[in-house]
Amino acid sequence: MNRIDVTSLILEKKRLHGLSWKDISVHLGGSKEWCTAALLGQMPLSAKQAHTIKQLLDLSDEAERILQEVPLRGCMDSAVPTDPTIYRFYEILQVYGTTIKELIHEEFGDGIMSAIDFSMDISRVKDEQGDRIKVTLNGKYLKYKKY
Amino acid sequence: MNRIDVTSLILEKKRLHGLSWKDISVHLGGSKEWCTAALLGQMPLSAKQAHTIKQLLDLSDEAERILQEVPLRGCMDSAVPTDPTIYRFYEILQVYGTTIKELIHEEFGDGIMSAIDFSMDISRVKDEQGDRIKVTLNGKYLKYKKY
Amino acid sequence: MNRIDVTSLILEKKRLHGLSWKDISVHLGGSKEWCTAALLGQMPLSAKQAHTIKQLLDLSDEAERILQEVPLRGCMDSAVPTDPTIYRFYEILQVYGTTIKELIHEEFGDGIMSAIDFSMDISRVKDEQGDRIKVTLNGKYLKYKKY
Amino acid sequence: MNRIDVTSLILEKKRLHGLSWKDISVHLGGSKEWCTAALLGQMPLSAKQAHTIKQLLDLSDEAERILQEVPLRGCMDSAVPTDPTIYRFYEILQVYGTTIKELIHEEFGDGIMSAIDFSMDISRVKDEQGDRIKVTLNGKYLKYKKY
Amino acid sequence: MNRIDVTSLILEKKRLHGLSWKDISVHLGGSKEWCTAALLGQMPLSAKQAHTIKQLLDLSDEAERILQEVPLRGCMDSAVPTDPTIYRFYEILQVYGTTIKELIHEEFGDGIMSAIDFSMDISRVKDEQGDRIKVTLNGKYLKYKKY
Amino acid sequence: MNRIDVTSLILEKKRLHGLSWKDISVHLGGSKEWCTAALLGQMPLSAKQAHTIKQLLDLSDEAERILQEVPLRGCMDSAVPTDPTIYRFYEILQVYGTTIKELIHEEFGDGIMSAIDFSMDISRVKDEQGDRIKVTLNGKYLKYKKY
Amino acid sequence: MNRIDVTSLILEKKRLHGLSWKDISVHLGGSKEWCTAALLGQMPLSAKQAHTIKQLLDLSDEAERILQEVPLRGCMDSAVPTDPTIYRFYEILQVYGTTIKELIHEEFGDGIMSAIDFSMDISRVKDEQGDRIKVTLNGKYLKYKKY
Amino acid sequence: MNRIDVTSLILEKKRLHGLSWKDISVHLGGSKEWCTAALLGQMPLSAKQAHTIKQLLDLSDEAERILQEVPLRGCMDSAVPTDPTIYRFYEILQVYGTTIKELIHEEFGDGIMSAIDFSMDISRVKDEQGDRIKVTLNGKYLKYKKY
Amino acid sequence: MNRIDVTSLILEKKRLHGLSWKDISVHLGGSKEWCTAALLGQMPLSAKQAHTIKQLLDLSDEAERILQEVPLRGCMDSAVPTDPTIYRFYEILQVYGTTIKELIHEEFGDGIMSAIDFSMDISRVKDEQGDRIKVTLNGKYLKYKKY
Amino acid sequence: MNRIDVTSLILEKKRLHGLSWKDISVHLGGSKEWCTAALLGQMPLSAKQAHTIKQLLDLSDEAERILQEVPLRGCMDSAVPTDPTIYRFYEILQVYGTTIKELIHEEFGDGIMSAIDFSMDISRVKDEQGDRIKVTLNGKYLKYKKY
C-alpha cells in the first residue's frame, strides 16, 4: 500500500459516506484548502489528524501511518494539465507569467513569493451577472540572498 | 516588425526613461496588472492607449498599429517555466491543482473559473515576520452546458 | 474502482447488449454527443441519469455514484493523437489554428469561443459524390475583460 | 525570401492599408476562411490570385511566385497551442476526441472525416444572452479500404 | 477485456498453434498485410471474419465482439520508434519526407496520398547480391479543396 | 554559408528559372527521387553533378563545394511531422509499423530492410475513380548477425 | 506471457541459480555479448538455444516458444538513459557524434556503420593506474546507394 | 563571436583549403579523433594548438582565444539524433544498453566506464565481403565509492 | 519480484517498525546518505549488509539476493522533478549550472567533478534566524584526457 | 540589446582582457560564485557593481542599466543538460533525489532547503590520490505552513 492507494481509498470512502471536503475539514481542523490537498496526497497529516480521518473513513492502521509521512508531491500527470478546470490556471501563467514576475520585482525587489510559507483561499463572490470565483494566493516574500 | 520586437522596444525605452510599470499604467488608464500584461505582449491596447504609449515611449507609427492587434498569447518559452519567481506559481498548480478542482466543483458545480472574464491583483501585505505577497485571481464561474 | 474502470465497464456492457450510443442517449435524455462524452468519462451525469444507466447496463451502486462526480477530463493519451479519425481534427488545428484566431478577432474582437458554454453536433450530409460529415461547434463568445 | 517572410510581409501590409481579411477575400475570390488560411501560409494561391494580392498589397515578384507554391503546412509552434483562442479548440479535442470517433464510426462505419476535401465556416449566431460563435467543419467521409 | 488484451491473446494462440500470418490470412480472406494489421489491433474484422478467427484460435465470445469494433489506432509506443526494423521506415521519412512532398505536388498538384483509401504490399525481390524487400504503398490522390 | 543556406538558394533559383525537379534531374543524371533529395540537402552530389547544378542555377563556388559534402541528414523539424502530405506517411507507420515488422520477419527472418542500400520510386497509377499515388520502397534485406 | 515477462523470469532464475552471463553463454554457444542481449530480450534464440535455456533455468514451454521470436527491440525506457553506466555511452555520442560522422565519411565515403551486421566486444585492459574497459564496435561499412 | 561561429568558420576554411581532418591533426599533434572533436567544438585546444590552427586556416585573434576555452559540450540538436550515420550508434545503445551494463558489472563490479579518461579510435578493417568499421571505446573503469 | 518491489517493501517495513534512516544506517554500517540511497534502490548492498537488512526488516531470501545486485539507477519519474523539496536542487542547476562549469574549469582545468568517486553529506547548521540545511557534494576532479 | 547580448559581450571582453572570474569578483565585491552567476545573467547587480563592471570591461550605458534588472533566470537550454561537467550534477539528482528528500524530512520535518536564501561555495580539497571538488550548498530550511 502506498500514498496513491490511500488517496484512492479516501475518495472511495468519501463518496460512500456522502461527505464533502468541507465536512471533513471540520473534523480534521484546518482550512478546507489545506485539508483537501492533504487528503489528495499533497500534505502530511499530524498523528491526531491521521487518527481522526482513519476513524471517520474507516481506514486501516497502515493507511493511518502513511498519511503522516511527507508525500512525494505533484498532482498533474503531464507538464501541461488536460482538465479544463485545472488548465485555466496554467493558462493564467501563460498569459500573466512575465507580468507577475515584473510586478513582484517592481514592488519587492529581487525575490519570489514562497510556495511553502503559503496559504490559499477559494471563495465565492456574489455577482448579479454571474457569481465569481476568487482564489487568493498568499505567500511570504523571500528575497534573493547576496553573498 | 512584429509584436515581439515591439515588446523588446518597450522594455528598452522603459529602461531608458526610468519608468515603472505603475507609472506607465497611470498614463494608460487601467490596473498595473492589465497594463503590464498588455505591454509585455499579452493584451491589445485601445487606439487611445496605443497613441499614449507611442508618445510616452517615443515609438513608431507601425508599433502603434501593432499594439492594437490581438496578440498571439503565451509568455513561457517552455511548458515548465525555469525562472524561480514564475516557477513557484507552476509549483502551486502541481501541489494544489486537484484541490482547486475539487473545491470549485464542491462549491459551484461542474464548471471552471474563467481566465477571460478575469482580473488579477498583486499587492503587499505588511507582516512583522516579513511582508507577504497576495495574488488575487478573480474570474467568473462558467458552468458546463448540458445539451 | 475509479472513473476509468467505469468507462471500461460501460463499453463492455454496451457491447454485450448490442446498444448504440444513440439508443443509450434516448434513455438518458440529452443529445447523442453529450451522452457519449459523458459515458466515455468526460461529463458528470445527473442522479437520475446515473440511475437510468445503472439499470440499463446493470452497473453497481459504486459505479452509479462515480458517474455523478465531475471527472478529470482529457481523453487523449499523448499531446498529438495517433488515431487517424481523431488526428484529422488535430490536423485542422495545425492548418487553420491561426485562421480561426484571426477571424474570431476580426468578427468579434478580443475573446474566445467558450468550450464550456458549448455544444457540438455531428451529422451526415447526403452528397452524390460521397456523403459528408458535418461537425458543428457552437460556443458562446467570451470577451476578454479590461480592468 | 521564404513563405514565412511572405506571411510577415502580408501582415505588415494588411495592417498598413487597414484591410480586413474579409476585404481581401472579396478581392481574391473565395471564402474568408480559405483566403485567410492561404495568406497565413497554409494554402497555395492560383496565379491569378497571387497577382491580385501582389498588386493589392504591393508585394515583390518573388513573393508572387512563392505564394503559388504548396506551403509546408503547420501553424502551431508547439504540440499544444498556448494562445487561449486557439487552445479552446485543442481542449474540445481533449474532451470530445473519443466521442467524435465513436459517433463517426456509429453513423458511417470505419473511416474518417477528410481534412483535405474539407471546408470550414465561422459565423456569428445572434443570441440575447450573448452572441455565439458557430464553427462548421465539413469534410467528406472517407472509408477505410479493405484489401 | 479490451482490444490490447485480445491482441495479446491472438499472439499467444498463434504461437501455440504454430500458424503464420499468411496461414491465418488464407482463412480470413484478405491480403496478408491487411489481416496482420487487423489482428495486431489496427483494423476491425467483419462479423464473419471475427467468427472465423474465434474458431481458428479458440477465442471467447467477448473477443469475437471486440474484434468487430473499430479500434483506437496507433501501434508505436513513442513518437520515434526504437525497434530497428520499424525505425528504418521512420528514417526514410527523415531523409525523404520533403522529397516525397515536392514530387507529389509536382506530379499531382496540392494534395496528399490517402492513408485510408490505401493498400500496402510487402514482397521479396530475388537478387544475386542479396534479396531485397519491396514495400509498395498505394493510396488514392486526394486534392485539397478550394472553397 | 552552410548546407541549409544552399538549399534555400536552390529553391529560390529553381523558382526563378521555372524549373521542375524532373527537369533538373535530367541535367544531373539520376532518378528524380534521388536528385530531389540531394538538392533538398539529404544526399551529396558528385563533383560533376555539383558543377552542373552550379551552372544550371548560377550558384557560387562555395555552394558547389558544399554540395559535394555528406550532409547532416534529417528533414523533419519535429519528431511528428505537421504537414499533412508528409504526415500521412507517419500515420502509415502508426497503423502498419508492427505489421511491417511481423511480415518482414515471417518472410525473411530476423533483420531489416536497409534504408541505405535503398531506392524509392513515386509514380502515378491511372484509375477511373481517381488516380492513385504509388510509392515503392526497395531496400536490401540485411540479416542480424549472430556472433 | 510476453517477452518482458520472460526476461524478468530469466533474471529471477539466473539470480536463484547463481549463474553469470558468461556461464550461461557457454551453455548457449555464442559470445557473452550476444547471449546477454538475447536473454535481456533483444535477440531471438535458435530452437536449440531456446531449449537449452529452458532446461538450464527451468522455464515453461511457452517461454521456450517466445524466446525464438524476433523481439520488439529497445531497452531504454526514456530517450536519454538515466542510469550512469549506460548514460556514459550516450554522453560519448553527445561529445563525439559529429566527429564519428566526419571520420567515417572521410575514410569510407557516404555511408554508415551497420548496426545489424555488427558485433560488440567488452573486455578488460590491465593498467597499473587502474584497469580500463575496452568496448569494440565492429560493423560492416554500408555505402549509400545512388540511383 | 562564439564557439559555434568558430566551428562554422573552421568548416568553411577547411573546405576552401581542401584539407582533411587527418591532415589537420598532423599539424595539431594528437589523434585524428581528438582533433576532429576539438575543431567541431567539443574540446579546448592548447595555446600552441590554437596558434597553429589560426595560422593554418587563417583565423582571427578572437577565434584563437575562443578555441582555448573549455566549450559547452553537446553536438546533437535533439535527444534522438536524426542523421543515419550518427543514429546507428544510438540504436546500438537501444539494443545493447542493458547488456553493456550487465557485463561491466559482472566483470568489474559496480561502476562505470569513464567518458572523461577516455579515448576513441575509428579504423578500417579490411574484409573480402566488404570492409568493416571498427570503433574502439577505451575508458578507465571507475568504481562507485562506498562511504 | 524486482528492485522496485523490494524498495516498496522496505518502506512498508520501515514504517511498521518505526525506524529512521539513521537507525538503519547504524545497523548497516555506512553513512546515512549512502545507506538511504541504497535502500531506495540506487546502490547495491554487500552480502553482509543485505543479510543484516533482511533480518532487521524481515525480508525474503529473494529480496536479500536482489539487494546485492547493481540496480538500474535513476529515481526521478520525469526529466524535471515535480516534488518541491527535490525541485529546489534542479532549480539550483538552472540558476548555477553554467557558473559551476566556469568555476570548475577556472580552478581545475578541463574536467568534471566525479559523480562516482563521490560522497554527499546533509547536515543541520544552527542559526538564530532559522536553521539551515548544508548539503556537501564531494567528488574527485577528473581531467579530460588528451590523446 | 537584451540580457543575453550583455552576457555575450561580457564573455568577449573578459576573454580579451584575460581576466578570471575571481579577478572580477574582487572588483565587484562578493563571492566568486555569486559574481559569476550574476555576470552569466542569473543575478542583478547593484548600481555600484554595474558601474564598476561597465568601467572594468568597457561596456555601454545601456548594458549598465540592463545589468541592474532582475533577469529571467534559467541557464540550461534543455531540461536535461548535455555538457558533462553540468550533467554530473543532474546525475546526482537522479541517484540521490529521493535520498535528499527523505533525509531532509527525517531531520527537519516537512519543508525544503531554500534556493533563494541560499549560498554556494566551490573549493578544492587537496588529496594525494587526486584533488577533489567540494561544492557546498547552504540554504535556509523553510517549513511548510499549515493553515
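Residue numbering begins at 1 within each chain, and the chains themselves are lettered A, B, C, D, E, F, G, H, I and J in the order written.
What we mean here is this: a contact is a pair of C-beta atoms (placed from the backbone, for glycine too) under 8 Å apart; a residue touches a chain by one contact, two chains touch by 3 or more.
Here the structure is a predicted model, which is why all the values come from computation and not from measurement.
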## Note on the structure
Those chains that touch chain G and also touch chain F are E, H
### Query
Hey, which one of F-G, G-I or B-C is the same interface as A-I, over half the contact pairs lining up?
G-I
### Query
When the contacting C-beta pairs are counted for G-J and for H-J, which pair yields the higher total?
H-J
### Gap in Å, rounded to a whole number, between the CA centres of chain J and chain A
31
### Query
Hey, how far is the Cα centre of chain D from the one of chain F, in Å?
29
### Separation of mean Cα positions, chain H and chain D [Å, integer]
47
### Query
What is the distance in Å between the mean C-alpha positions of chain C and chain D?
23
### Query
Got the chain I residues that touch at least 2 other chains?
33, 70, 72-74, 76, 79-80, 82-85, 91, 94-95, 98, 101, 105, 111-112, 114-116, 118, 142
## Note on the structure
Checked against the stated definition, the touching pairs are A-B, A-C, A-D, A-I, A-J, B-C, B-D, B-I, B-J, C-D, C-E, C-F, D-E, D-F, E-F, E-G, E-H, F-G, F-H, G-H, G-I, G-J, H-I, H-J, I-J
### Query
Quick one: in the complex, what on chain D touches chain F?
1-2, 62, 65-66, 69-70, 72-74, 76, 79, 115-116
### Complex contact set, residues of chain D against chain C
20-22, 32-33, 36-37, 40, 42, 73-76, 79-81, 83-86, 88-108, 111-115, 118, 120, 122, 124-125, 127, 129-142
### In the complex, chain B residues that touch chain I
80, 82, 84, 87, 91, 94-95
## Note on the structure
Note: in the complex, chain E contacts chain G through residues 8, 11-12, 15-16, 78, 80-85
### Summary
Given the complex, residues on chain E that touch chain D span 30-31, 33-34, 43-44, 70, 72, 98, 101, 105, 109-112, 114, 116-119, 142-147
